[in-house]
Each structure stands twice: as structure tokens, then as C-alpha cells.
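Sharing a structure, written as C-alpha cells. Questions coming.
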Amino acid sequence: MGSRGSESGAAIALRGVHKRYSAPDGVIEALAPIDLEIAEGSFVALVGPSGCGKSTLLRIVAGLEPPSGGEVVVRDRARMAYVFQDAHLLPWRTLAGNVALPLELRGEPRSRIDAQVAEALAAVELSGFADSYPAALSGGMRMRASIARALVTKPRLLLMDEPFGALDEITRNRLDERLLALFGAQRFTVLFVTHGIFEATFLAERAIVMSRRPGRVVHDAPSALVGERTAELRGEAAFAREAHELARALERGSR
Amino acid sequence: RRASAPSGKLRVQLDWVPEPEFGGLYEARASGAFAREGLEVELVGGGPSTPVVQLVASGGADLGVVAGEELVVARARGVDLVAIYATYQSSPQGIMVHASRGLRRLEELEGGSLALDTGAPFGAFVQAKFPLSKVTIVSTDGGVAKFLSDQRHAQQCFVTSEPVAAKQAGSDPQVFTAKSLGFDSYANVVVARGEALRGGGDRARAMVRALQAGWRGYLSSPARANAQMASLNRAMDAATFAQVAEAQRPLVESDDTRALGLGAMRAGRWKALIDQLVAVKIIGADAAPKPEACFVFAT
Amino acid sequence: MSAKGSRLAGLLLPPAIGLLVLLAAFELVARLFFAREAYLLPPPSAIAKAAWQERALLASATLSTGRAAALGFVASGALGVLFAIVLASSRLLERALYPYAIALQTVPIVAIAPLLVVWLGVGPKSVVASAFIVSVFPVVTNTLAGIRAVDPALRDLFRLYGARRFAVLTKLELPHATPSVAVGLRVAAGLAVIGAIVGELVAGFAEHDPGLGIVVMTAYRQLRTDLLFAAVACSAALGIALFSIVSLGAWLWLRRWYSGAR
Amino acid sequence: MSAKGSRLAGLLLPPAIGLLVLLAAFELVARLFFAREAYLLPPPSAIAKAAWQERALLASATLSTGRAAALGFVASGALGVLFAIVLASSRLLERALYPYAIALQTVPIVAIAPLLVVWLGVGPKSVVASAFIVSVFPVVTNTLAGIRAVDPALRDLFRLYGARRFAVLTKLELPHATPSVAVGLRVAAGLAVIGAIVGELVAGFAEHDPGLGIVVMTAYRQLRTDLLFAAVACSAALGIALFSIVSLGAWLWLRRWYSGAR
Amino acid sequence: MGSRGSESGAAIALRGVHKRYSAPDGVIEALAPIDLEIAEGSFVALVGPSGCGKSTLLRIVAGLEPPSGGEVVVRDRARMAYVFQDAHLLPWRTLAGNVALPLELRGEPRSRIDAQVAEALAAVELSGFADSYPAALSGGMRMRASIARALVTKPRLLLMDEPFGALDEITRNRLDERLLALFGAQRFTVLFVTHGIFEATFLAERAIVMSRRPGRVVHDAPSALVGERTAELRGEAAFAREAHELARALERGSR
């Protein structure tokens, strides 16, 4: 386990990774042994029933949780960003202060921070709230701030745990598109946990579906959709087919 | 690593706040007696917990004021302190009871409680010499409130202090002095490090002369020194200063002082004290200091 | 070694090593800098010797003081939490009374010793009262802060379901405040011991069943510095014992859900 | 009344009324139960009279003690937080040292008086040191608890972005612990005052002003109970002043984001 | 403002209710004056862009937040349940303990509580986790527990703030159907904030769409869907039309 790149050039490689938690009554098998490679510069969606181990998998990739066994190889861990399932903002900092945090931690000079923060806040449509404290924001606004905090670092590897779950469809679609644009321009690697089948279909080049706990991979296929992903895509038949495919896989995994 | 007086200046550590028991010191300073002897003296007030013995022994002060029994205990523990001047010729301590109990001797004390200064030799002496029946020994808090509110309470006291306060409050204190109980000790003793006295101790001799002059002056006219001390210790009023100054006179003057001069000491009396402390097991017989080593300048 | 055994070792070894290191440092300092002034700071070896010689006295004194400190401590815990609950029940009451609770802490015990003695008599009761008075304030302050810090959303939840004041207290405020109460009790542990010692000096028995305060004072007056420090070590041990009980209790109680539990 | 004025009134009125009620109760008790024993508990009116007569003495004594208490308090705040930071840096260090920090609190000042005055001299420095020793432990304990209670998810966040230890400390642990530090300082406020008073009994006073400890002691010995209680009131006022400064500071600092701020 | 029933027999009646928050820089107008009546026994969905005031509106209805002006009349406030946007579980209670809370507060006898709690946990598919503490659960599981806590009270008025936002589509659909079944059987009143257009379409008899902050009602129409709402409904053309309608309204409100 380490951050040296794998020989295959994959951004993330898991080999036999599994996870057990000890609970009051015995152990909880959260992840069954998983083998997974994620190519550099790919956009992968991770779908699965609630409690199946998606967050656990992400935390293991990020190095926040040691696996109970197996090997984890992650390239570019130094330039990784993570959007947690909850916003987890620092309550004593304003939104701008929260978004600036990763840059400060990286030692970026003050002068350059401000512009980047403003840009990231604009990307999640929170420009007017730079000086508000988290307590004075709606749930969706807090979540968006935490997305801005991840984007501001211009990561090479982006791990997102249901980032848009608390957002209305319109805002969500808009952010989906903005994320794709960013992805197109910078070609970082994205591992994206979502509950939205349409969202997964729209965003991902490859979708992975996990089974109920203990989580196994029950479906792993590249997207059949070709060409640019624009808003119009959502209306096309191929999109519907692809989404249907995914929904069936999820249904299988949820049984 | 330790605070010390600048060379030349002598620092005297008192074991209490400025009160009449230090009258001679302040008078010596005010009258220029120290200066006439070529001494520059700093008087440092203390509190009820000031560790005078340790301060002098470790060089934090050049001289200190302690009770006679404290000096003996210190020497028994291997601390080389030597007395140069005994301000009080006998201990100011005593046991205060309510006169209404009609006691003629302390042995008759029965029942009730007796407050003793915890761990102090005088208290241990009283306990050892007087096997008081059914008396509860408690620790004293230094005040007289319990004495006032409890007719069956007795307590250790300084004859110049607690009985005065109790009387002022309308109570009827009767005092058995330490001396009358057989506890024979010098008090308010000025001590110095033994090593400082080796090689003649000229400055110490000069100190003793200045102290005698100071005390002579204070005994004849305490007003000036009292005023000075009162300006430092503003919690005690002028009347009390005068009262205490008068009350302590018999402690300062004795047959010995009339014969030998103020502050005088005799080896025989130190021996008596040492024997008493051995008898009540505060010091071991093997560790008991020699009486002659306890003091210099019998004058 | 079994997992349980090694866990226990992990729990007990560090403080044991810490103690050894502290004692070694202490011994070194005492021997190097206070060789000729053992009356200021005797080396631990000398203290240990004195402690062994006077073990009977120290044991009974520790027991006596320990009893009073423990009782005062328990009273502080119970009444401190109670008082905090009263203050927490209204912002007005808190503003009106809380600042004055601090007076308790700043009053020298000697100043109220006569009152204590008149009300409670010379002896254990007054000593317990002194331990209580000295140690109650941190319990009040920490409990109050713990209650005040309850997540407003959880208060909303209780309001929504029509919870009575008492239910809010027992099912929300007190559980949430337990970590804070534990912190207050940790501070109170040491204070209860020193409170008992001070209490003994102004309102305790000197003769039968003397406590550590009496031993400390006696040793101090008679310049038996080794015994003095032995008694101080006993009082520290009492404080550490109370502290450890609180810590253990808090850990057992909180570890299931509180990430800050140790 | 302006909104600001009425808010200020709302802030100051309750404690003022609380004081009046307490004083009235006190007066009643004193007059009813201690009429013939005013030397035990004089009524506030008598205390006030004595305070007025001795106002010069009390003012200078309060100033003298206040200075030492404030310095000791500041030292407790600074060093207490520092020590907590050191302990928080490793579970091992905490286990090894934390229990012994409590020894500081259980040691009667008189036991270490010789060390204090030999090192620091008879005078203000020893008084400050005493105030510090007595008041530092609650700061350590509360700060440590505050740091330990940081949300593990936020720690993850900092870890993720490669935060150095120092950044975790200054940008996460300390901001999160501020409410706890404030609680520790509230407790330390009163303890610093009593620590200074006890310290004065050790250090006495040289040519400088006698502090409240000396006034308490002499007034007590001379049965001037009204002056004694006046001095006690002054010491309580000092404690309340320090306490209020902490509370005000905490409120100004925390009100923007901390729901438990008052 | 009070809980006396309105003359019209509505479960909830708002008249000119608006809300201002004071912020560091001036006031934030969260809700523009709103008039709204919600009939007893109806299922109303509330949709709107993030930060538009949906949670605020719900809190005002629940009596948790005083409106800055206007009149609020709520019937049956005593038998109301609320699912917050975040789970807000008591960390020191197990799941079962958390779900039992409202019953305990109501003074229900212990003997009857256990069965009800087990039933509610089963309804959200958490039967196996009765004795787990919230910290050991996934985000979606925590949210489901908070739904169980609301359902266990058998409320007459149910306020739900994006209850299923953190759940995967399959679980979500299953819970949607279960909620509808419950609703069909007991006919309580539901005010349901959601980001899912399909969810709103599937569930609600009436959908309200709010505009961006300050929130106004931009669309308020009864559902055109008739008959029973079964899983099959999602495939029908009428359903798609209805959803499209709602999406357009939301788009209007988001501008």
C-alpha cells in the first residue's frame, strides 16, 4: 500500500481490498475483496444500495481508512481532493475561508488565494455568500461550498461522495455540466459516488455498480455513449438505454 | 538561581508582617542605629507560611527572625543556623482558656477542645507533658472566633495577640504562659548562617549592637517605629500597636538582659530547650545540637 | 500476550514509565542542585525511605483525607451538576447568579472556617465541606457549558415532539453534557483533595486520626522535608486516584459513542 | 430606550438584581441568626461600612493581589494551553504525563513554599507563581478535552490536504477548542485569585503594598470580621472581574459561529 | 399564529408569511410573503432551487422558527412529525433508542414501544441495526433511521425535508412506495420537500414550486395523474408529461 504509481499506469489500483468493522455484536463485513483499476484521466461513477460500502471504498482509496486486507495503489495522492458525503465545513470560518483552506494548507500565497476562491465559489453559484458562516446557509448551499473547497485545489484525482445529492435537479444538472467541462479541459481522474442513475449515465465514462453489503462489484462497464456530453444528450434514446442498463444492474445488486 | 541581597546590604527576613515584635528593628533603622554601625539593612516582611529558616539557610536572606525551638529543630536537621540575638527572653506562647472555667492549673483542663498550632513544638510539648483527659485536640486557625462562641474551647495563643482580641470582644481569657507551663524558650531570635559568622563575624557583632540600640529606643519610645510599621501593616490600628508594644515589654526585658544586655542568651537555657524537644521526641537524642553551637555573642 | 493483556499494558505502561522518568529527573535535580539543601528538595529515594518508615502514619492519614476528599468530591459532582441545571434553566437566572458562584472559589477557607466549625463542628464534616466548597465550581462551569452547547437542531427535535423540561434535561442535555461533566470532575478531583487538606488545617482534628494536612503541617514545622514530600506524594496519589476513577468511568460510559472519549 | 441600550440593560440588570437579592438574604441571615455573633458573620451593611472606612487599604490591597492574580492567570492561560497542546500531540505522552499534572493541584502551596521563595524571592514573583500553580490545571484539562473532541471527519479533511501538524493545531484544533479553553479560563479566574492570596501568606510582603491575603489574615487574627469579609468581597470581586473578562472575550470571539456562546 | 384549525378545514394555512434573517451585511430575505393552504389529508410536494427557503418554510410551519410576519395556522400540531434535512440522531443512543425517542417523550409505555420501533425500523430496512450507534452507520442509513423516527409516531401531519436525498434510486423508490401505502391507509397530511422531480411527480397530489430566494410560489397545481400510484406508473406517458411540466416550472423558478 503506498502512493507509488502502478506499473499499468492506472490512477487507482485495488487488489483484493476488503474491509471489516468491529461492531458490538461481532464484525461487520463492509467490503468483500475487490479488484479494481481506474485509468488515469477517466470519469468513473460508483453506484450501489445504501450502506453497501461506497463511502468506505472511497475512504480507503483516499488513505483515510486502512483496508482490512489487500493492496491499494494510488497515484497522485498528493494532488487529490475529496468531497465528503456531508459538507463538513469549519463552523468558525466564513464560506470564503472554508474554500481557501486547502490552498492555505498547501502554502499558497494569500494574494493568489483570493482570486481562486472567488472563482470556485462562482462555479457553485455561491458568489454572494463569501462572508457568510456555514450556520446561516441552507443544506444545499453548504454542500456546494464543500464542492468548491475540492475544486479550488485543481486536483489530479477527485473523489466525490454523493456531492449533488442535496441539490435540486436544475442546480444539479448545471453543476454536472460544469464538472464535465472542467473534466474535459483538465482530464483529471474522477471517482464519483452517486445515487442518481441519470447522473451516473450522463457523467461517467464507466459505471461500477456494487451489491448490498458486503459490497462486491456486480456490474462494471464502459459507457456506450460516444461524443460530447451536452445537455441535449439527456433527451436521446441511447441515453435512456444506457440508464436503463444501469438501473437493472443496480436492481440486481440491491437484491 | 536564588534571589539574594546585593553585597553589602543585609537582608533580614521577618517571620510575620510588621508588628511590635519587630519594633527594635524598625526603630534601629529609623534612628540610624544600623547606619552608625555601617550597616545597610533591608527588612523583609513575611507571612504566616514564610519559610524563614530555609530562606536564610539557602542564602535568600542574610538574617532571619525565628522562634528558639525552630532554630534547635533546624540545627538538629543539619541546617547550620546560629542565633545572634534573642529578642524575647521567653516564649510569647501560651494556652488560653475561659476564666469562667475556674482553672488553677492546666492539668485541671477537662473536656471540651484545645486548639494547637499543628506540628509546632510548643503544642507537642503541651500534649506530651499534660495528658489532658477527654480534651479533643484540634488544629488552630489562628483566630479567636471559636473561643468566643464556645465556653469549653481552649487554644494556643500568643500572649500579645489572641487574649487581647478576645478581651476586646468581651470574653474572659485566662492565659497559662509557656514559661509557666515549663516550656522555656527564646523567641523572636535573630539568626544567621554559621558560615557567615566564621572569621570573626564583625558585621554580626555590629548588628547586635544596632539591635540593642534599636530596642532600647523602642522600649522608651515606640511611637516612631510603630508609625512606620503601621504604614506598612495598615490592617492593624495605632491603638493596637501601642497596646501590644506595652504588653511585650516583660518578654523583651528579663533578669538576664538587665545583667548582660538586651538580646542576651545563655547556654544553659538553650540546653533546657534542647532537652525538652528531645523529651517530646521532636528531635532525636542522637541528632540533638550542642547548646554552645546554637548561639554566639553571649555578650 | 493476549490482545486484552497487551491493551491493559498499553494503558498502564505509559503512566508507569512517565512516573519513572519524572522520579529519575527529580532525583537528579535533587542530587545535583540540592545536595546540601535536602531541607528544600530531598531526593525521591530519601522521600521513599521516610515514607516507608512512617508508612503507618501516612496510610491512616491518606485514608482519613481520602475519605473526606471523596465525600466532598461526590457532593461537588452531585450538587454542582444540580446547580448547573438550575442555572441552565433560564438565561436570566444564569446571568443573575452565575457570576457570584465564583465567589465560592475565591473565598479563603480560613475566612469562613469559624462559620464551618460553628455549623458543622470541628472534624470530618467541616473537612468535607471544605473539600466541597473548593471543588464545586469547575463542575458547575463545565456542566453549564456542556448544556449550553447542545445542538440547537436537537433542541428543535425535542420541542417538536412536545418534550417536557424534565425530558429535555434527562434525555438531551445531561447525556450531551456528560463529556463536559467528566472534564469538570477531572478538575474537581485535585481540588477536592487540596480542599480537604486545607480544611483539616483550619477545622480538623489534630490528634486522633490526623489527615494529610496535619502531617504536611507537622512535617513542615519540624523541618522533616522528606516526610513532608512523602505526604505530598500521598495527596497527589489521592488526586490521581480520583482523577483516574473519573477518567475510567467516563471512558466506559462514553467510548461507545463519543469520539473524544479516552 | 434604544435597542443597544436595552440590550446592555438586559446584560447588566440581572447580575445587579442577583447581587441585591444575595445581599438582602445575607443581611437577613446575619441579622436573624448571627445578631449576637457578628464576629462570625457580620451583616453586609456592617461590611460595607468597614469597607468604606478602610477603602484606601482595601483598594491598594486589591490592586496588589489583582496584579499578581492577573499575571498568574495570564501565565496559566498561555502555559496551560501550551502544555495541553504538547499532551495532545501524542496519546502516549498524554497517558505518561497527564495524570501527574494533577499533582500540581493537590500540592499544598505551603509544602513548596520554601522552593518558591528560594527560587523567586520573597515578594510578588512568588505570589504570581502561586496563582499560576493553583490555576493552571483546569486550563490544561479543558483545552485537552477540547482538542480531543475535534470531529474526526475534520481531521480527515486536514489529513487529506496534507496539513502539517502546526496547521492542524492552529487552523483546526485551537479554533475548535476555544469554547473549551474559555471554560477552563473561567474556572482558572477564581483559582488564580485564591492562589495569589495563598501565595501572599508565603511571600509576606517586603516594602510593597500588602495584598488581600495579608489583610484577610491580619483582620482574622484581630477579629475584625467586618474588615475580613470586606477583603473577602474584594477577592470575590477580583475573581468575578477576571471571569467577566473571559466571558466577554469568549462571547465577542465566539458569538459569530458558536451556538453555545453566551 | 396558533394551532387552532382554520375555518376552511385546511391542515395548514399560511397568510402573508414572510421571513427575513439578519446577516453580517444587512438582512437576507429568505421568504417573500406567501399565502398557502394545504388541505387535510393531502400529499403536497415542495420543489425549488437550493437556498430558496424550503427548509425555512417547513420550520415555520412546524413552529420552530417564528415568521417575520404573517399568520400561520396549523391543525394537529400535536400530532406532527418532522424529518430534518440532516439526520440529527442522538449519538449516545442506538438506532432503536433514537427511533423510540418520540414515543418516550409522549409517555408511551415501554412495552408498547418496542414493537412499534421494530416495525418502523423494518419499514426503512434497518432491522439488523437496532443496536448500532449512529457513528457506525452510513449516511443513507442514518437518514433512514431519522425517517423511522418520524413514522413511528403515526403522525397526522408529516413534514419531510428531502428525506430520501441521500438514498440510491432503488431504496428510494421502495421507500416512496411504502410511504404512499402508509398514506393511503392513514390519510395524514404530508408536506414533502424534494429535489427529485420524478419523486415529486410520483408521490404528490399537488406540487408547489418555489422561486429562487426570496422564495415565492411560482407554480402550484394538482397532479393530473389519477388512479393508484404503483411502480408501473413511472413508465407511463402521463407520468412523463407531468414530470416535464414540473421540470419546466422549476426551471422558471431557478432563473
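Points worth noting:
As written, the chains take the letters A, B, C, D and E, and residue 1 is the first residue of each chain.
The rule we apply is simple: a contact is a pair of C-beta atoms (placed from the backbone, for glycine too) under 8 Å apart; a residue touches a chain by one contact, two chains touch by 3 or more.
These figures come from a predicted structure and were not determined experimentally.
Among the remaining chains, none touches chain C as well as chain E.
Note on connectivity: the fewest steps through touching chains from chain B to chain D is 1.
Contact with both chain B and chain C is made by D. When each chain is reduced to the average of its Cα atoms, B sits farthest from chain E. Chains C-D form the pair joined by the most contacting C-beta pairs.
Of all residue numbers seen at the chain C-chain D contact, over half occur in both copies; the interface is built from largely matching residues.
Averaging Cα coordinates per chain places chain A and chain D 49 Å apart.
Between chain C and chain D, the centres computed from C-alpha atoms are 17 Å apart. Averaged Cα coordinates give chain B a centre that lies 84 Å from the centre of chain E. Shown for chain A are the residues that touch two or more other chains, namely 24, 86. Within chain D, contacts with two or more other chains are made by residues 37, 39-40, 110, 114, 118, 151, 213, 217, 220, 259.
Touching of two or more other chains is recorded for residues 1, 54, 58, 141-143, 145, 149 of chain B.
If you check each pair of chains against the touch rule, the ones that pass are A-D, A-E, B-C, B-D, C-D, C-E. Partner chain D is touched in their complex by these residues of chain A: 59, 62-64, 78, 80-82, 84, 86, 88, 90-92, 101-102, 104-106, 133-135, 153.
On the chain D side of its complex with chain C, the touching residues are 11, 14-15, 17-19, 21-22, 37, 39-41, 91-92, 94-97, 99-100, 102-108, 110-111, 114-115, 118, 137-138, 141-142, 145, 148-152, 179-180, 182-183, 186-187, 189-191, 193-194, 197-198, 213, 216-217, 220, 228-229, 231-232, 235-236, 238-240, 243-244, 259-260, 262.
The residues of chain A lying in touch with chain E in their complex are 21, 23-25, 28, 47-51, 54-55, 85-86, 131-132, 136-141, 144, 162, 165-172, 195-197, 247, 250-251, 254. Residues of chain C touching chain E in their complex: 151, 153-154, 156-164, 167, 171-172, 175-176, 178, 256-259. Residues 33, 37-40, 110, 113-114, 117-118, 122-123, 200-208, 213-214, 217-224 of chain C are the ones that touch chain B when the two sit in their complex.
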